[in-house]
Every structure is written in C-alpha cells, then in structure tokens.
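Here it is, the structure, as structure tokens.
Order of writing sets the labels: A, B, C and D. Residues in every chain begin at 1.
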Amino acid sequence: MMREAIFLIRTADRKGLLAQITGFFYSRQLNVLECRQYSDMLDNTYFMRIAVELGESTTKRELEKEFSGLAEKLELKYSVGYNDDERNVAVLVTRESHCLYDLLMHSEEGTLGGKVVLVIGNHPELETVAARFNKPYFCLPVEKGREREQEQQVLELLKLHRIDLVVLARYMRILSPEFIAAYPDRIINIHHAFLPAFQGGNPYRRAWERGVKMIGATAHYATGDLDEGPIIEQDVERITHEDDPDDLRDLGRDIERRVLTRAVRCHLERRIIISGRRTVVFGK
Amino acid sequence: MMREAIFLIRTADRKGLLAQITGFFYSRQLNVLECRQYSDMLDNTYFMRIAVELGESTTKRELEKEFSGLAEKLELKYSVGYNDDERNVAVLVTRESHCLYDLLMHSEEGTLGGKVVLVIGNHPELETVAARFNKPYFCLPVEKGREREQEQQVLELLKLHRIDLVVLARYMRILSPEFIAAYPDRIINIHHAFLPAFQGGNPYRRAWERGVKMIGATAHYATGDLDEGPIIEQDVERITHEDDPDDLRDLGRDIERRVLTRAVRCHLERRIIISGRRTVVFGK
Amino acid sequence: MMREAIFLIRTADRKGLLAQITGFFYSRQLNVLECRQYSDMLDNTYFMRIAVELGESTTKRELEKEFSGLAEKLELKYSVGYNDDERNVAVLVTRESHCLYDLLMHSEEGTLGGKVVLVIGNHPELETVAARFNKPYFCLPVEKGREREQEQQVLELLKLHRIDLVVLARYMRILSPEFIAAYPDRIINIHHAFLPAFQGGNPYRRAWERGVKMIGATAHYATGDLDEGPIIEQDVERITHEDDPDDLRDLGRDIERRVLTRAVRCHLERRIIISGRRTVVFGK
Amino acid sequence: MMREAIFLIRTADRKGLLAQITGFFYSRQLNVLECRQYSDMLDNTYFMRIAVELGESTTKRELEKEFSGLAEKLELKYSVGYNDDERNVAVLVTRESHCLYDLLMHSEEGTLGGKVVLVIGNHPELETVAARFNKPYFCLPVEKGREREQEQQVLELLKLHRIDLVVLARYMRILSPEFIAAYPDRIINIHHAFLPAFQGGNPYRRAWERGVKMIGATAHYATGDLDEGPIIEQDVERITHEDDPDDLRDLGRDIERRVLTRAVRCHLERRIIISGRRTVVFGK
C-alpha cells in the first residue's frame, strides 16, 4: 500500500496560498495525490485538504517537522494524519440496533475508514449485536442522580481503548459539556430528522402531524447545544399520507443508518474541517 | 375525449364503504377508471378519490342528483368535478420570474391541468413575462395603510376572471384572513425552504448559516398562519459548503419552480383532500 | 396482532370488478384494510391487492372456500396469504458479503417480512457472516462438469428448509432453467447495474468506461434469460469523473444492498404481481 | 464585476504540475479564485480548471502570451476564456417545446451562462415559442434527398450568428459527420433515456415495455456515433407500474429539460473537459 499523508489546513485567505503550499511539497519531490481547497469569501477563510505520497526516503517525523516551519511562516492551523493510522471507534447505544449494525458491518468489510473496537450501552439489549461481531460491550446504565459517575466510566473506557471517534448511534442521553469537551470535534451524533426541522424529541411523530412529504436524518458533531452542532451529512426519502408514524420510524431507520455511516467515514478519512456552525466536507 | 367524473370523498371510517360506493356506480353501469382510498386509522377517517367514465346516456346533473342521495345516506362529505371543466388559475407575483415562467410554460403546453388566465403583481417588473404569453397583467402596488384596498382590487379581479385557484408564485405579501377566507383551500403558496425548517424570511441565508447539506422548497395551502398551511409537495437538492447564499438562491429556484408546478397540477387534477394540517394526495 | 388475509388477484379488465370483489367481503362483514387496484389499459388486464381483517368467527379455510367460488364465477387468477404465515428465505452467495449482511440484519430486526433460515455459498468465505447470525451455512462449490449435481444439492436443501423465497445475493452462478422452474416467480436476483444498461459482467468497469454520471442497481425475478426477468426495484446514486471503477463498486454496494432488501420485503409482504416482463408493485 | 480568466488544462500526469501552474499565477500576483484538478490514474492524465482574477494592470493579451510560454514548457493542452465573453447559443428543435422553453427562460433570467440568439427548426411549430422571447426563428424543413443542403443552410446561420454552442433540444434529425466536425465538442444533445439504456428511438415506450422503475434523461456531446458521445449530465425520476408510455413521456419532459439546461450551463461556464468517451465536469 502506498503511504499517504493527509493535511487539513485552515488560515486567513490571501493570494498565493495554493502556490506556496504545493510548492513546499514539490520542492521536496513529494507527489500530491489529491488537493481540494475552499475559500470562504464571506468570512475570508481558506481551507485545504492535501494528500501527498510519502516516498521511501521521507519519514513522518521529518515531514511534520518541516511542515511545521511552513505552517508557522504562513500562520496555518492544521492537522496531519496518515492512511496507515489505526482509527479506533466507540459506538454508544441505547436500544435501537440499526445504526450499530451498519457501523459494525462496514467496520468488518473495511469500508468505514476505521475499526469499531468498543460498544457501550446504557441498556443491556444490544449486547447480543456487539457479540455477533466479537466486540466488547459494556452496559453502563444511568441511575438518577449518578449521571456524572456513568459518564466518568464511559470516559475511562474511551481512554483505555484509545478511542479516536465517539459515535452516538441513537444514544438517548444528553452528554454533559465536560464530556463533550473531552472529545472536541470527535463526537458524531445522528438525529432522526432533517435538522433544523424537528429538533428535540419524537421527530417522526411530529413530522407526521405536520404532514411533511419527505423525512430525513442528520449526522452532526455533538456540541453543548443539543441538535445544534455542525452538520456533516443529511439525506431524505419521500413519504406519502399513507405512512403513519410507525412507518416513518421504519423508513427513517434506513436513512439514519446510511447518513451516520457516511458521516463517520468522512470524518475518519479526514475530509472534514469545522468552520463555526458549518462543516467543510471535501468530497472525493 | 372520454368524459370523466371525479369524486373526492371524506367520511368517518367504517366497514363496507368501498363496497357501497363502488356498488353505487356499478349498479348504474358506470365504469370506474381509478379508485384510490385511504383510511387514516389515527383519527378514524376515510378518504376516497374515484374517477368514473360518464357514458353517453348519463348526464352530469342526473349523476350528481343520485350521488347526493348516497352521500346523504352514508354521510359523505364530497366534491365532484369533470375532466372537461375549465380551470382558471391566477398567479400573484412580486419580482421573481422563475415560478411564473414555469406555470405559464406548462399552461401553454397543456400539462398544468388548467389555464393561467390572469397575472397580478404588486410590482411592475413581471409585466413583460406575462406579455410574452399574452396574459393580462395587473400591477397593483401596495401602499402603506391601504393594504386592504389593494386586496379588494385583487379579489375583484379574481372574481371577474372566475378564478378557481390562486397561486402565490413568490408573492412577497402576507394575505389577510379575509382574503384567505374568500378562497378557502384554493390558494397555494411556495415557500423557499423545506418546511418546517426556516419558516419566515431569508431562508437561503439562514440555511447557509446553519450549514445544512440539502436545501428544499415547500408548496402548501395558504392559511391564516404564515407557512403553517397543509403541505402539498416538497423537494430538495444536495448542496455543499462551496455554495454561498447566492448559489442557494439560484439552485433553489429550480426546486421552487418544480415543486410549485407539481402542487398546482395535483390540485387541478383533483387529487388532494385536506385533512387538518395534513393533505391526502392521491398519486396517479 | 390483527389477523389479516391478503389476496393478489389478476383477471381480464371489465366493469364492476371492484364492486363485486369488495361486495363479496362486505356481505361477509369482513373489514377491508387496504385495497389497491390497477387496470393495465394497454393489455386490458386488471390487478388487485386486497387485505381484509379476519374476524374471530371466520376461519382461513372457510374464507378460501367461499372466495374460490367467487373466483370461479369472475374468472380470477389469485393467490392468498396471511400476515401470520412464516416466510422462509434462503440466501445464495459467493464472496461479497454486503447484501447478505443487510438481509440478515433486517431479518433479525423483524423488518424483512420473513426470516432468513438458510445460507448457501459456492465458496467458503461467507460462512463466518452466517455464523454471526447463527444461520446454517452450506458450502457447495461448483465443480466443472458437475454443475447439475450442485444444483440438485441446493434444491434439496431448499426443500428441506421449506423455503418460500430464494435470494441471489451476488451469487455468481447462472442457474439452469430446471432450477428456475422449481421456484417460479420465487427467485430474486440483484444485478449491480441500472438495467437494461450494462447487462452481463463487469458493469461497474463498463459504467466507468462509458462515463455515466449515475450508477444503479436492479432487483428482478430470475428467469431463463439472464438479467431479463421482471424488474422489482431500482435505485441510483450520482457519481463524478473522480470515481474510478473501485469507487463505483464501493458506492454500488450500498445501492445493491438497499435495492435487494426492499425488493425482498415487497415480495414477502405480497405486494407484487408479475405481468409478463413487468411487475405490478402495490406500494403501501 | 470582477474580471476573471478561466483555464481548462490537460496534460500527462506527473509531479509538480499543481505547484508549477499555481506558481506561475502567484509570481504574477494574480489571485486564484478557484482551482480544481483531477488525476486520471487509469490513463495517467491530469486535468485542471483554474480561475484567476484579472487585476487592473494585466491585459488578456499579456496573460495569454505568458501562459503560452508555460504551456509549451510543460506541454499543456489548454483553452482560456473570460467571464465577460459573450457566449452565443443556437437551439435546434423539431416539435417538442419543453426544452426550448427552459433554455429561453434561463437565458432570459441570466442563469444559463450565455444567451440564446438563434432558434432553428425543421418544422414550423415552435416559431411561436421563439417569438414569445423575441428570438429569430428559421424554419428549415428537410426534404428527402436534400438533407445536405439543409445542413449547409443551418451551418451558414450558425456562422452568421457567431454561435459558440449548438444545442439539440429534441431535434429529431441525425447530423452528418461533416456537420459535427464543424462544431467539435460544441454540440450538446439531449437523449430521453438513461444512456446507455434505450439508445435509439422510442425510449419511453421501450422503458415501459421493459418495466423499469425509474426513467431518465442524458445530455451528451454529439459525435458521429448516435447516442454514444461523452455524457455530461444525467438524472432520473422514480415511476410505477401505473405510468403508461404517455405518462413516461410527460414525466420525462421535466427530466429532459433540467438535464439539458444543466449541461448547457456547465459547458458555458467552462467546467467541462472531454476525455475520450468520458467528461471531466468540475463542479462549483
């Protein structure tokens, strides 16, 4: 497999950034495999994703050291990763199995961009699903008044399993700001509605009552504000008056599962830069 | 052309309605061309659209008289129309031409289910568009404090032209409850967002700020509550972070125009029954 | 759970069928839950799906006996099934796991309309997938010149497990006419292209070479003519020039899996009547 | 309005192209507004679209002269255009009005990327449509045995009106190789099917007979091989068994019109590079 380094870059927009950054790699004889950029003219910010081939003679350490010099000079905020990094994913669940199944299946098929290594539930129901795929399942119920204790236990498990990304796969708990701060921009939630429509509870019921003609799902980064985090991916399906709230829930499951899996894959493939309440998602 | 009568029926759900209603037509040797029904189990209401072929020997008057007997017996609320009815459409506009063009084009091609016979604007800009299609255009600007007078003038024009359906094709005025009451369930509005998301003004700007990954449009019956009327049709398109608010407006135009035209066609083809805040839309 | 009988009916189109058939159920005080009909005016055929509630006092046997009288009188071809029937599904596979996973997952969640009870592969690779879901897996490799023997073994397994529906989930073998005749209208195949485009082998490679802007998948009943059977369901996704043949294969997997699962569900819910090379699929 | 130069570039793929090309503009203090590239690893070709802001001090002539030096050095094939170029479009039609209407409407609204300046029909029917928009209409019927004469007349009109792009908007004639050679890569056709399915005549009828569940349309560059040219854009809509061939034609019109308009816009915005039988279409 070709070794590949991926830089996600953000800086104030100005002339010459593309020439200077690509010039840096060219002068080191590094082949640029993909380069996508975006200039947000509305707030004058420049975003770039650049993937370069790491030749035999270049070490990650050297590359990072030299790039940090360029970054300092050009005042770039950036992160760097490699296509051979292991990315560990934890999935948090309650009782609904569909998103968990989809993530496990893609993890198993090698099409998720990382591996699910840990499943945590606040109910015991989905242990059997995790077990089918030989994944450790920890059941950590939430007792009234002891919510923080449970969160602490979750955080310890995440740390122990060196988790890179936390996926809330229909996890029916609101996380504390402290929890979210422990994994900044690394918690992805699925909301079962086309946000910002039907924020909060019972979206399928409310969609039915409002008589919408399409339903949707939204994957977004979790932030302190419930359902207000930066959106990564959305999709919809057409419905008719014949679909009752239970039908919407069933139809919605297939939307939720594919929206969440796509969002997780985009994140793990390092295609996303967060920009305030918005995300820049560089397509293939 | 085959003469066709279309009944839209609504009643309390119970056993035998389908057999009794279709039996009525069968006993009169009338051929059922299409029959669609829907039982809303959540509020126990039955809806039906039934289209029957009017043979040579049956007059509309006889049919209506006899059916009214059945309707009384079964306590049906219903309306009846015919495929050779002329349906007159008025389009109300402000400055945006795209929806008006689409309605005029389909009217001209005979694919709207009725004819646009009147265009009313509160600004002069779109007179040229109406003129291209040889449609009368009335410019009725709204002066501060004289809003009701203008509405009266509009209502008189609608009456004079025997208008069956009023289409608000990006008409940037809020209609008074009196106006709406004059055309109950016969005013269709296009909102340039996927309702209930982004109700109110500047939806494309707000969609951009929120960072959604799809934008949409919604055609609905106008009611006293702005953007709260029963939804007829919705559609969406995928966008990316690269699309700025102006791009969204441009992309949105194509969504608005097709959503509005489809909704108008459904109405004119007598495919819609309103049920509270929801619509039953019988597909072909 | 409400007991429900579902009739799929086909006959020459003529006046009064709807009235007579619904009258039959009404006179027996049986509640019609759903009724969908379709008149194919091009070849004068009438199709109906009617679902009725079986009251306490009506046995399946009585109902079937009485209905057969009506069917004889009206010359109806029909089949009848019940919502409490157990429907057994066998899945035939080769090496690709994605469709198998999706079918097993939906079977497990109770959203398939039946149960996967048997998995047969001509290669050993997918045994582990079946094992995760505790399903029997039979590996029956095909040896050159002994193809019929293998088919015989498959047929025996299908019989032994009382299989109602055979699903070819990327099974890379062509079945003999004898095999197909043993399960008429009960074998569903997934083709990884938008038929009739790219019939035959290597559709993703050929789609890439042709430069199409969308790829698709097609679920159809298997017939003697490869990829020519009646189509049940299709779907597509947008692609770009950046997607190479491997990307198409990866993207295609998600389309294949959802198209196949939907088709299987439609069949098991008794929503399909085959009409020559076409299918009548009654939506909900 | 900001003056903008757009280069479409094609060359053998190799290291450093991005750095060298962007370096060229940077060294001249020209701001890069958009830059999209694509490396086709399967045939080792590099494609780029780069848009740069032309400052006050740079003339088009100087820029072109200097860039030609770079292009020679790097062996780039390229074209250059400007956002203030006038692009003249001719539309060729027969009897169907829907695509013509859509092109005229977008031309009028300023959302086509160019202006329709000429409509040519081989039948008289659509003269009224052109007249609505004050466009010259030339009716050039095709007489048996005098096909080449008619083509010559068309070519003369195209030349006279300085046409940049010829759009075949349901023009029911096959063009000669000589005609196509006169406008290489500048003739766009709409085919009313999802190519390569249903090449040739009567695609809606054949789609109905085959029982497909979606219909589509395809815009492509015209080449000597009918319906075989490089595809620019495709789209589809879901249909059901209830849609007969006439319904498909009506539904199809809305797909054809939007697919053709999008393809024309992409071409006029200089977003397309042809690569053999495929197109590279750089999105926004």
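Here, a residue touches a chain if its C-beta (ideal position, glycine included) is under 8 Å from a C-beta of that chain, and two chains touch if they have at least 3 such contacts.
Remember, predicted model here, so these are calculated numbers, not experimental data.
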item: Any chain that touches subunit C and subunit B; value: A, D
item: Copies subunit D and subunit C - interface residue numbers shared by over half, same or different; value: same
item: Most distant chain from subunit B, judged by the mean position of its C-alpha atoms; value: A
item: Euclidean distance of C-alpha centroids - subunit A vs subunit D, Å; value: 37
item: Averaged-CA centre spacing for the pair subunit B and subunit A, given as whole angstrom; value: 41
item: Multi-partner residues of subunit A (at least 2 other chains); value: 240, 242, 283
item: Subunit A residues touching subunit D - in the complex, by the definition given at the top; value: 15-16, 18-20, 22-23, 25-27, 29-33, 35, 37, 39
item: Partner subunit A, residues of subunit C touching it in the complex; value: 97-98, 101-102, 105, 108-109, 111, 132-133, 240, 242-243, 247, 250, 253-254, 258, 283-284
item: Contact set on subunit D toward subunit C in their complex; value: 38, 40-42, 194-198, 208-214, 216, 230-236, 240-242, 244-245, 275, 277-281, 283
